[in-house]
Amino acid sequence: MSAHGITRAAQRADRLPRRRAVNRLMEALAALSALLAIALLSLLVYSVARRGAAQLDLDLLTKGPAGAFSFTPTASGFANAFAGSLVLVVLATAMALPVGILTALYLTEFARPATRGVVSLGLDVLNGVPAIVVGIFVFGLLVVGRGQSGFAGAFALACLMLPLVARATMEVLALVPASLREASLALGVPPWRTTLGIVLPQAVGGIVTGTTLAVARVAGETAPLLFTSSLVGSGVSWNPQHALQSVPVAIFEASEQADPTLHAQAWAAATVLLAFILVTSLAARALAARSRRRIATSR
Amino acid sequence: MRKMGIVALAALAVAALAGTAAALASKQDSTTISGAGSTFVAPLVAQWTQPLSQAYGFELQYSGIGSGGGIAAITSRTVDFGASDAPLSPDQFAACKDCAQIPWALSATSVIYNLDGVKSLLHMNGSVLARIFMGSITKWSDPAIRKLNPGVVLPDEAISIVHRSDNSGTTYNFTDYLASVSTQWKSKYGTGVAVDWPTGSGGRGSSGVAALVAQTPGAIGYVDVAYTLQNHLKYFTMRNRSGRYTTPGLKGILAAASSDQKPAKDNSLSIVDPPKKYAAAYPISTFTYVIVPLETSKAAELRKFLFWAVTKGQAYGPRLLFQPIPKPVLVVAEQTIKRIHPSA
Amino acid sequence: MSAVEAPFEPARRPLSGRRVRVGDRALELVTASAATAALVLVALIAWKLVAGALPSLDRFGIGFIWRVAWDPTVSKLYGAGSFLFGTAVTSLAALALAAPLALGIALYLTELAPPFLRGPVTALVETLAAVPSVVIGLWGILVLGPALRDHVEPVLHRTLGFLPLFGAPNAASSSFFTAIVVLAIMILPIVSSVSRELFLSVPRELKEGALALGTTRWEMIRGVVFPYARGGIAAALILGLGRAVGEAIAVTQVIGGGVAVHANLFATGDTLASKIAASYQGATSDLEIGSLVYLALILMAFSLLVNLSAQLIVRRISRRGPA
C-alpha cells in the first residue's frame, strides 16, 4: 500500500466503520498470538514441572542410575549425569572463554577491515554449523582411535560456545567509549596496557553476560555429546579423561525407554535442567539490561 | 559489578584448573572394562556387574547402543569389547583388524504385540508374519490371522509395525527368520542389521521398541524376550517347522540351540527356523557374540572376564530367559578366549 | 554511537621505549592466533566432512542427493532423497505454522501491548528459546505426540482427509506431524524476537505520519511497517528455517524413522539431521558411514547457506539501530 493509497484510504470517511472493524480484528489476532505463545510456554513449563515435581528429591542428585536392566526398577537418580554435566560445561567454558575474548580483542583492536571481515565470517559460519555436525566432526577428530572422553565432549561444546562468547565480547568492547582509550593513551599508558587494563575490565560485565548465555545454551545440548561422551557407566565420575554422562544425554536415553520410573526421573532431571537454564538466561538478560542502562546514562 | 565479574571469571578459571588437575591426578582406572553394543544381551551383562566386581575387582561398564554400534565401537577401539547378535561379515572382520567373535549367550527374539480385548496369547506363523511386515496384511481382522487363531475375536484394528531404528542384531535375527520362511522377503529385504523397512515406526534400542509397542494400540514389534517379560508385553506363539506353536522360553531356546552345535570357522552359529526334528524349538532363537581384539593391552582382564562370563556368568541367565550355552559351544568359546594375548 | 571502532594506529603515538613495542606486538600476536581458531575450526570441519564422505562420494557422486534409497542389506544403495524431502517438508511446514504466530506476537509487543506488559511478555517469549531441544523432545514423545494422535489427527483426517496431506492417522504417536509441531514451537521465539527488533527499528516519524493522516493502526502497520521491514522479515523467516533444518535431537525423538517418501503428514519419516543422530553411532560399513557423512555435508551446506544469508541481513538491519 503506497503512501498515496494510505492517504486516500484514510480520507474515505464513509468506510470508517469497516476500517475500524478490520483494525479491531487484526489487533485481536495479534493479541491472540501473543496469548497463544504465552499459553504454549506456560503449558510446556508447567507440563514438565508437574511431572518432574513428583520425582524431584535429593536422590536425583545423589544416587546414580540403577543397573541397565532390572525387573524391579528401584528408585535411583541421575547423579552421574549432573556431575558429568558440571565438569563438561566448566571445561567447555575454560576452553572457549579465553579464545573468545582474545578473538574479540583482535577484531576490535587490531584487525584491518579485510581481516575483520574474514574472521567475522568464520565466526558466523561456525555459529551456523548444526550441533550434530559438530558432534560428528569432533568424533572424527578426537574420538576415533582414542576413545570417548570428557575432553572431547567439552571441546565439542566449546566449538558451539566460541562464536557466542566472541560476539558478545565484541559488542560490549564496542560500547566502551573512545574517550576512555584516548585519555589513557594521552597519559602515556602503552596501547597494550590500555587494552588489557582499561578497556577490557570495562567489558567484563558484558563478557560475563555473554558467557552465561552461552553456558545456558550448551548446558542443554545433546547432539555434540552423543558421539563424544556417551558410553558411560552408572557410577559418578569427575574424570574428563573418560566419557562422562551428561543431563541432556541422560534425558535423551531415558525418553526412549519403556520404563515409566525412568520417564519420571527424566521429567525430574528435565525440570532441574530447565530451571537452571531459565534462571541463568533471565539473570544474564537482567544483568545485560542493567549494565546497558548504566553505560547509557554514564555518557 | 565489574569487580564481581572479574571475581567470577577468576573463580571459574581456578575451578576449571583445580578440577582438571584433581581429575587427572585421580588414579587411572586400569580395572575398568568398557563395552558397548547389543541391547539384546544388555540385561544379562547388567547382572554381571556386581558379581564380577566382587570376584575380580573389575568395574564393568556396558552401554547398550545396538549391535552395529558395538561393532563400530570395537573397530575404532573406543571400547575394550563389543557385543553383537549379528555375526561379523568378512568386511567387518577385516576392518576390525584381528578381532575374534565368541558366542557368549543364547536367547530368543519374541514377536510382541499390543492388542486390547484379546486375553490369550495369539498364534502366528512365519509366512503370515512376513506378509505383515511387508505391508500386505494391514488389519488384525485379516483372514490369514483369523485362520491361525480360530475362536478368537480379532478387532478390525490397523496393524502398526514397530522395528528398530538403529543397526540391530535383533533385527538381524528377526530378518534372518523372515528370510528363511519367505522367499519374497529374502529377495526384497534380505537379512541384515538394518533393512529397507517398507512400513512402520522405528524405536531406538530394544527398550525403544518395547516402549513404542506398549504405547501404540495395534502394534507388532520384535524384541529380546527379556524386555517382553520386563514390560509385561504380549507375544505370539510361533509355529515351528514341526507344526507346534512354541513360546520363547528356555525349553524352546534349548531345542533350537541343539540344531547347530558346531560353530563355523568364524565362530558363528545359525539356529533360526530349525528343521522339523527339533519339535520343541522356538524358531527365532539366536546366539549372541562378544567381539574382542586378539591383541589388547587389557588381555589379562578380558580373559578373566570372558572365562567367567561363559561359565559362572551363565547362571544369571535363566531368570532372564537366557539359556546357558551348550557344552560344545563353550569349548570353542574357551579355545578362542585363550588366544587373547597382551600387546607386545 | 558507532558499532565497531576503527583499530588504533600505534605507530602514530610517540613510543617511549622498546618494551612498549614488544608488549603491543605480543598482544597482537596472541589475539591474532586466537582469532585464527574460528577459521581453523571451520576449515577442519569442511575437510573432515569431505574426507569422511569420500567412500560415498566416489561410489554415488552427485546422484546421491536426490536418490530415494537407504538399503544397507540387499541393494546397498544409499541416497539423501527421502531425508531432503523430510527436512524440506518439516522445516517449511513448521515455518508456515510458526511465522504468522511469531509475526503476530512481534506486532503485539511493539504496537499494541500496554507498556507494562511488554517487558514480561518479551522475556517469556525469549525464555521459550532457551528450552533445550531434548526437553521439548521428551515432552513431544510422552505428551504432545499422544495428544495429537488422539485428539487432533482424527479430526484433521475427518475434515480435510480428501487432501493426501491428511491421510490415515498413525497409531504410533511419531510422525511428520508431531515433528512439525515440535519444530514450530522451537522456531517461534527466534522469528518473533528478530521480527520484534525489526518492527522497533521502523522510524517513528513514518509511523506517526501515517497515523496523523487518519489511518487505523492496522492500516499503518500494513502500509508502513511491513513494507519497511520486508527484507528483515525475510531474514527472520530464513533464520527460523535454519534452526528447524539443523535440529536433530527433538526431531529424531518424535519422527519415527521412516525412509519412504509420501504425502501423508501422519506417516513416519526422517530428516537429514535426525537420520544422522539415529544411525551414525551404529554404522559399520565404510559405505554407510560415508553416506551418513555425505548427509552431514549436505546438511552443513544447506544450513550454512540459510544461516549466513539470514545473519547478513539481520546484521545490516540491527546496525540501523532502534528508532
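First chain written, first letter: the chains are A, B and C, and each begins at residue 1.
Assume contacts are C-beta pairs under 8 Å (C-beta built on N, C-alpha and C of every residue); 3 or more make two chains touch, one makes a residue touch a chain.
Just so you know, these numbers come straight off a predicted model, no measurement behind them.
Listing every chain that touches chain A and chain B alike gives C. Centroid distances from chain C, each centroid being the mean of CA atoms, peak for B.
The greatest number of inter-chain C-beta pairs in contact is found between A-C. Chain B and chain C have centres, each the mean of its CA atoms, that are 37 Å apart. Note on chain placement: the centre of chain A and the centre of chain C lie 15 Å apart, centres being C-alpha means. Chain A has residues 230, 256 in contact with two or more other chains. Among all residues of chain B, those that touch two or more other chains are 65, 204.
Contact of a single residue of chain C with at least two other chains is seen at positions 281. Contacts from chain C toward chain B in the complex involve residues 69-75, 146, 168, 170-174, 256-260, 268, 278-279, 281-286, 289.
Residues 1-3, 5-7, 9-11, 19-20, 22-23, 25-27, 29-34, 36-38, 40-41, 44-45, 47-48, 98-99, 102-103, 105-112, 116, 118-119, 121-134, 136-137, 139-141, 159, 162-163, 166, 170, 174-175, 178, 181, 185, 188, 190-193, 195-196, 216-217, 219-223, 226-227, 230, 248, 251-252, 255-256, 263, 266-267, 270, 273-274, 277-278, 281-282, 285 of chain A are the ones that touch chain C when the two sit in their complex.
By the touch criterion given at the top, residues 1-2, 4-6, 8-9, 12-13, 15-17, 19-20, 22-24, 26, 28-29, 32, 34, 36, 42-43, 45-47, 49, 59-65, 73, 76-79, 203-205, 207-208, 210-211, 214, 226-227, 229-231, 320 of chain B touch chain A in their complex.
If you check the complex, the residues on chain C that touch chain A are 1-5, 7-8, 10, 13, 15-16, 19-20, 23-24, 26-28, 30-32, 34-39, 41-42, 44-45, 48-49, 52, 100-105, 107-109, 111-113, 121, 123-128, 130-139, 141-143, 185, 188, 192, 210, 213-224, 227, 242, 245-249, 253, 273, 276-277, 280-281, 292-293, 296, 299-300, 303-304, 306-308, 311.
Residues of chain B that touch chain C in their complex: 65-69, 71-72, 75, 91-92, 95, 158, 160, 162, 165-168, 175, 187-202, 204, 212, 215-219.
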